[in-house]
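Below, each structure is written out as structure tokens.
Two complexes follow with chain A in common, the first pairing it with chain B and the second with chain C.
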Partner chain A sequence: MSNSPAPYRSAVPWLAVAPALLLLVFFSWPLAGIVARGARGAAFVALFANPAIAPVLWFTTWQALASTLLTLLAALPVTHILARYQFAGRRVLLALVSTAFVLPTVVVGAAFLALLPPAWHRTAWAIIAAHVYFNCAVVVRVVGSRWEQLHPHLVDAARTLGASPLHILRTITLPLLRPALSAASAVVFLFSFTSYGVVRLLGGPARSTIETEIYLRAVHLDDLSGATALSLLQLAVLALLMWWWLQSAAARHSSSGAVFTQVRRPRTAARFAAVYGIGALTAAAVLAPLLALLLRSLRVGGTLSSSGWRAVFAPGVGSVVHSPLAAVLTSLQFALVTSICATLLGLATACAIAYGSRRLALLDALVMLPLAASAVTLGLGMLITFSAAPLNLRAAWIITPLAHTLIALPLVVRMLLPVVRAVPQGAREAAAVLGAAPWRVWLSIDLPLVARAAMAAAAFAFAVSLGEFGASSFLTRRTTATLPVEIARLLARPGDLVQAQGFVLATVLVLFTVTAIAAVDGLRPERLTI
Partner chain B sequence: MPNKYGGAFMQCLLRCAAGATLALSAGCASSAASSGAVALASPVPAATFTSAAPVTLTLLAYDSFTPSAGMFDAFTKETGIEVQLALGGDAGELVTKAALTAGTPEGDVLWGVDNTLLSRALQAGMFAPYASPNLAHMDAAVTALVPGHAATPVDTGDVCINYDIAWFKARNLAPPLTLQDLASAAYKDLLVTPSPLTSSPGLAFLLATVAQFGEDSWQAYWKQLRGNGVLVVDGWTEAYYTEFSGSSGKGSRPLVVSYGSSPPAEVIYADPPISEAPTAVVLRTCFRQVEFAGVLRGTAHEREAQLLVDYLTSVAFQEDLPLTMFVYPVHQAAALPEAFTKYAQRPAAPLQLDPARIATQRSTWLDEWTTLVLR
Partner chain C sequence: MLQVRSITLQFGARVVLDCVSLQVQAGEIVAVLGESGSGKTTLLRVIAGLETPSAGTVWLAGANLSATPVHQRSIGMVFQDNQLFPHLTVAENVAYALRVQGVAAAQRQQRVRAMLELVGLPDFEERAVGQLSGGEAKRVAVARALVAAPQVLLLDEPLSGLDSALHARLLADFSALLRARGTTTLHVTHNRAEAEAIADRVVEISSLSNNQP
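Up next, the complex of A and B:
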């Protein structure tokens, strides 16, 4: 039953050992800890008897629904022009929309704090606006690629027959887009439902989602049993959503893969104005929060000043242990460790899955599991599991990059697997016939072909680690605070200079993330369309 | 691999492997200058210390821990022990983080557990008990709160409603006199309080209302407060310096939950100098707060940490507290500065609650409060 390439047959199972061990020890064990604690009847009964919980569940749900609806409304115009028209700045616009999606959630929260007037902070609408901001890219990508497949002649024919644009939208375009729309909605809902960083920064004491309530109970209220019960509930909801999504995804894949990418220039003056108007508005909406972030980092005491930047990068000598600058260095170190671990383990996993027997395909499912749990749940699980014997890592710095590795690994494997599978088999066999040892074959045949993708994956893992907040907020200590943790800490405190330093760090994090993601895009073998 | 993390990781593995070695190393890694420590009443003879490496202690505290600059120099000179501050968060966050890391602490000594959070700290076992000789110079009512000496009292204060005198004068409105007044229409949309979920003065204020109205009636009072437009923010600094109209932040609300010693702070820090406090305290709303410091269990420098606790409760350090942190010393020989005696008001009979009730009911009250006020 083995489909391994001949040269690797004996070596392949060993490749699975390290990733499987990592997942079992650092993911399955903490999760089992959460299930064991949270599933105690008493904890669950107490949770539902607690009058403070129902409003959390309700707020989590309605803000996610509102975010999904508003994201669709905000994103469909720009999706339409990107899928249908050729215009100056199209690529830039696409890159901008995608950038908003890869920004760390803490940065988006900070940017909306900078952009919105103080009266709007701590409102549900600030949270929803931030969700719309980074989720637009989901709609643009998922719905856009389907929209490109709709044959333009369908619409042309309807128009010739006298149908109004609204009638065409209602009877032709929307029905054909429906599967893509529901897929995008499901993803946006999932992201908004599990939102953590944005809510921590914009929510204030009165606004709590399940994720932030887990943090509040575990870290502020000393209610670990409530926190684990909520985590378990969150896991169940996520599992349900994923199951539903996979079910409908199966149905969706029957659509034809034909692409009629016929982007054309807007012909009439009205259409020209609409295309450029929507484009300019969207670009402005993406850039405004980031500009506000930069400006706030330069404003201290109501005037333009570089003292925030100086306070971060040229701090005076003090007796205080940690500093914003230390967070920058810690984040870079953690990102580097994560990047190395996730790439090596990801490569081993991808090779084991691609070359191994069917049984190793189980690893494929196992490695995807961390995607199904929220980072907050992972952080809480690791906190309660590794704070005591037999494996006490509470004071060890490695625990945070380990969590980051688990979170990055599924994405890294997804990036590497197609590339590993595409390596031609004949070249390997030729090398093996000539007497090369398996590792020689891999180094001389496979590695050169997957190296680019591996570097892209490394840059991606780097970016994931830089922006990770959910698990880090549980696992970091004062001396190992990462950029997102330090940003949240600074922005929760009043004082002009303190706030400015928070915005400085958020700006720095934007620069790091955008650089890493640009490296990913530059290294990817296939160019991006939509 | 960065060195400091590498070291920490190894240390942790070592701890997992053998707790015994840790105890051994804690005994050895003491400071050469510990002989000077005898002056601070050390029950352990200094001669037992052998190592020559100077020790640096990490003192954990909340964000608003602000002793005078150079306040630890005298301690370092006397004992050879350096002190590093690690500040972060509000008192609630400080205590929970320390409770979660009980046994593998992030520092050696912690400053800032108050009587509203003490039970949480004791349950978590985050402190290594230590009876400082300075306990002999403290009021019995204060030391009685920690019979097992898990933590050492360091200061007391009162959490009270503060008001902006000028604001009320300009509107010809009498400031409130009682907690009940705050719920009346005359004071609609005027009060800001830090959240009891995340702030210790916020929690003290909630407990004040429980003490005033009773365990069955405070809920109705908070319903009225909510109807009367009380604003809840995350922390004390945000409430006092951003939302309160009487502070330098010039916010919009003239009533705030703050400290009994906030008015002298306004005078002392006024620029240009002023002779009258711009704010005052509603004495009948005050709740007594006692703060504690303690040696964190699991520190590698337990003996040195005990010396630091002695220093924190010494007359020299205690006399610095009123003007820098606006709390009252617990050492009975510590003198109060003049500005403090002149502008600070102390309630004769502050509101108080049985610590045992706080310990058992706190989380229930917080959940009830959250539902009533925030959701």
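Up next, the complex of A and C:
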């Protein structure tokens, strides 16, 4: 422990105990359960002999490729104007694009159900459109931050050498953006490949991805060995993709140029029109599905009506327990529990990593693992592991917020670690020299400096829990259904009033999520422009 | 002959160029002197077509360039901070304009090699631009601008930020090179000694403004 800050040496190992225990019991054990059940030859033979599986693998792959390609095409114009130009509404546009990304997948699915004509429902294109919708933000962030670092005079230089705009795009801009483009494409592909909520809502029997097929086999077909075998296959594909990405990412980031940021106002009339045109079009594309969602929640029987809202928020006496309103309350409770657990454990983890020796960097890698496995796999693993002795939690409500905590923890640690590391060691030593015991040093020096970030992390974990659908769809029961689970259930049923209630809940979830994310942004220090 | 006729450029309320006029004869090297912030760089950017003036016109060999896009003007420019393309080698940087013009590979290679020898960088073809010293990078930037034989070359403070020994050597080299090739050149600098050493004629940027129509 020789690298630990002087006041904390003896405390460091204890900090790692709680997060390590949580990960071991509620992540490693379920994952081992999946491996034990799924990694049997017979299960795989049966899986691949099933004629229903090949179309699932094929659909999962091609829709992910198409989603990636179309996301790039749709996002590059708005990325360009955000990275290069200063214009009225720039911050709003950036916030709108980012909002689309943080919306729960179930909400995006519901919004596209509301927006698209019924003939488009249950088609591949509805799924791909929804993927493009929330992944545009990935391209804007990843490619945009690289793009704004490209010196605009590089383009000027190429122009004075006689290159046309198209030629410059091909020979200068795109080659210099290529590392960022590949990184963004890899992330978008990964998200689309493992997409679950969107596909559950917008897909149909013939539009199943690996993730929804796992759910179908585990929950509806009672084919646990098939589900676990598919989970393993999914894990293997993800591991392969990550390995490939990490391999190439190292080579890619070696040649980054000087940092340069310069946004300027569009000067010519044509550019002015292009910038505002692209901006307005993108803003409209982000808002349209949300507006459709709101309108659809107000339409029952073909006319404008508040009966959907009344059915949710003023249900008849005695029906509250199983009503959609119960899902709102359940979600808020779970989000609160998740927020508290994830923030405390995340803070302990970040401190253990920051204060501890190199051996504790292992905890850093360990805590990231739930990100690498999909939420569906986590849910399936927890379902099969904790439905029987020695630890039967099948009827315990805590299992869902525990899963949410595991999913939020890596993100919370990522948010807190840089802040904990930035606390000046000299201040701690000064406090210790002045007679403060280690706990007092931490409370008087570290805590005030990380408090803001911890609150932002808490709000973020709250939002993650509110929108979580993959694990929840396995772990909740009828009495503990969360908002996303209830939305998916209502929208899968016929009946105008039932559907309207689904859209009401989706609208409520949008409001909750946007509020939580606004709190995160308000609590964060000023960020880079993109 | 390059003619700048009554160029005015405003950024918002700020007048950067106020009715500036200037002529450079074919083959002449003219240096424009001015303090930083006096609009020297902006003047070059207007001539290259990188900025659109609020009023006034730029003429080259009797033709009005107002409607001509940057890449069709045949006006080369060496940027103050070079702006070498970081993802291309030295040879690929220099060959860029030739490639744009569709010059065949064999001829391109030959002209790039000849150009690199002219600027004193033989055998630098395969170097990465990130590994060049300040003086080498400047030579590559000049080679890249000259290789396509532009009708006019614009030099934006090409020798600022170099130590004095290097400054003197590059000044002599570039001056000889431009004279030998007869390149029409407009050079802007804040350094009077540099201006007088390289140019046939030195003008103060403040003397170029005239508010009479």
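We take it that the second predicted complex is superposed on the first by the 520 of 530 C-alpha atoms of A that agree within 3 Å, B and C clash if a C-alpha of one lies under 4 Å from a C-alpha of the other, contacts with A are read in each partner's own complex, and residues count from 1 in each chain.
Just so it is clear, contacts are C-beta pairs under 8 Å (C-beta built on N, C-alpha and C of every residue); 3 or more make two chains touch, one makes a residue touch a chain.
Predicted, not measured: the structure shown is a model, and the values here were computed from it.
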Exercise. Clash or fit: what happens to chain B and chain C when chain A is overlaid?
Worked result: fit
For this session: Identify which of chain B and chain C touches the larger number of residues of chain A.
Result: B
Exercise. In the superposed arrangement, does A:Ser164 touch chain B (first), chain C (second), both or neither?
Worked result: second
For this session: Please work out whether A:Ile172 is in contact with chain B alone, chain C alone, both, or neither, and reply first, second, both or neither.
Result: second
Problem set entry | chain B versus chain C as contact partner of A:Leu154, first or second or both or neither | second
For this session: Based on the superposed arrangement, let me know which partner A:Ala206 touches: chain B (first), chain C (second), both, or neither?
Result: first
Exercise. When the shared chain A is used to line up the two structures, what angle, as a multiple of 10 degrees, is there at the CA centre of chain A toward chain B and chain C?
Worked result: 150
Exercise. Does the superposition put A:Arg358 against chain B (first), chain C (second), both, or neither?
Worked result: neither
Exercise. If you stack the two complexes on chain A, which partner ends up touching A:Thr268: first (chain B), second (chain C), both, or neither?
Worked result: second
Exercise. Between chain B (first) and chain C (second), which does A:Asp223 come into contact with in this model arrangement: first, second, both, or neither?
Worked result: first
Exercise. Closest pair of CA atoms, one in chain B and one in chain C, after superposing: how far apart in Å?
Worked result: 46
Exercise. In their shared complex, at which residues does chain A touch chain B?
Worked result: 50-52, 55-56, 204-206, 216, 218-223, 319-322, 333, 383, 387, 389-398, 477-480, 489, 492-495
Seminar exercise, completed: Per the touch rule, the chain C residues reaching chain A in their complex are 45, 48-52, 69-77, 79, 81, 83, 85-87, 96-97, 99-101, 130, 144-145, 148, 150, 154
Seminar exercise, completed: Note: in the complex, chain A contacts chain C through residues 151, 153-154, 156-165, 167, 171-172, 175-176, 255, 257, 267-268
For this session: Show which residues of chain B lie in contact with chain A when the two form their complex.
Result: 2, 4-5, 8-9, 11-13, 15-16, 58, 60, 63, 72, 83-89, 92-93, 96-97, 99-101, 104, 106, 120, 124, 195, 197-198, 232-235, 237-238, 241-242, 249, 363, 366-368, 370-371, 374-375
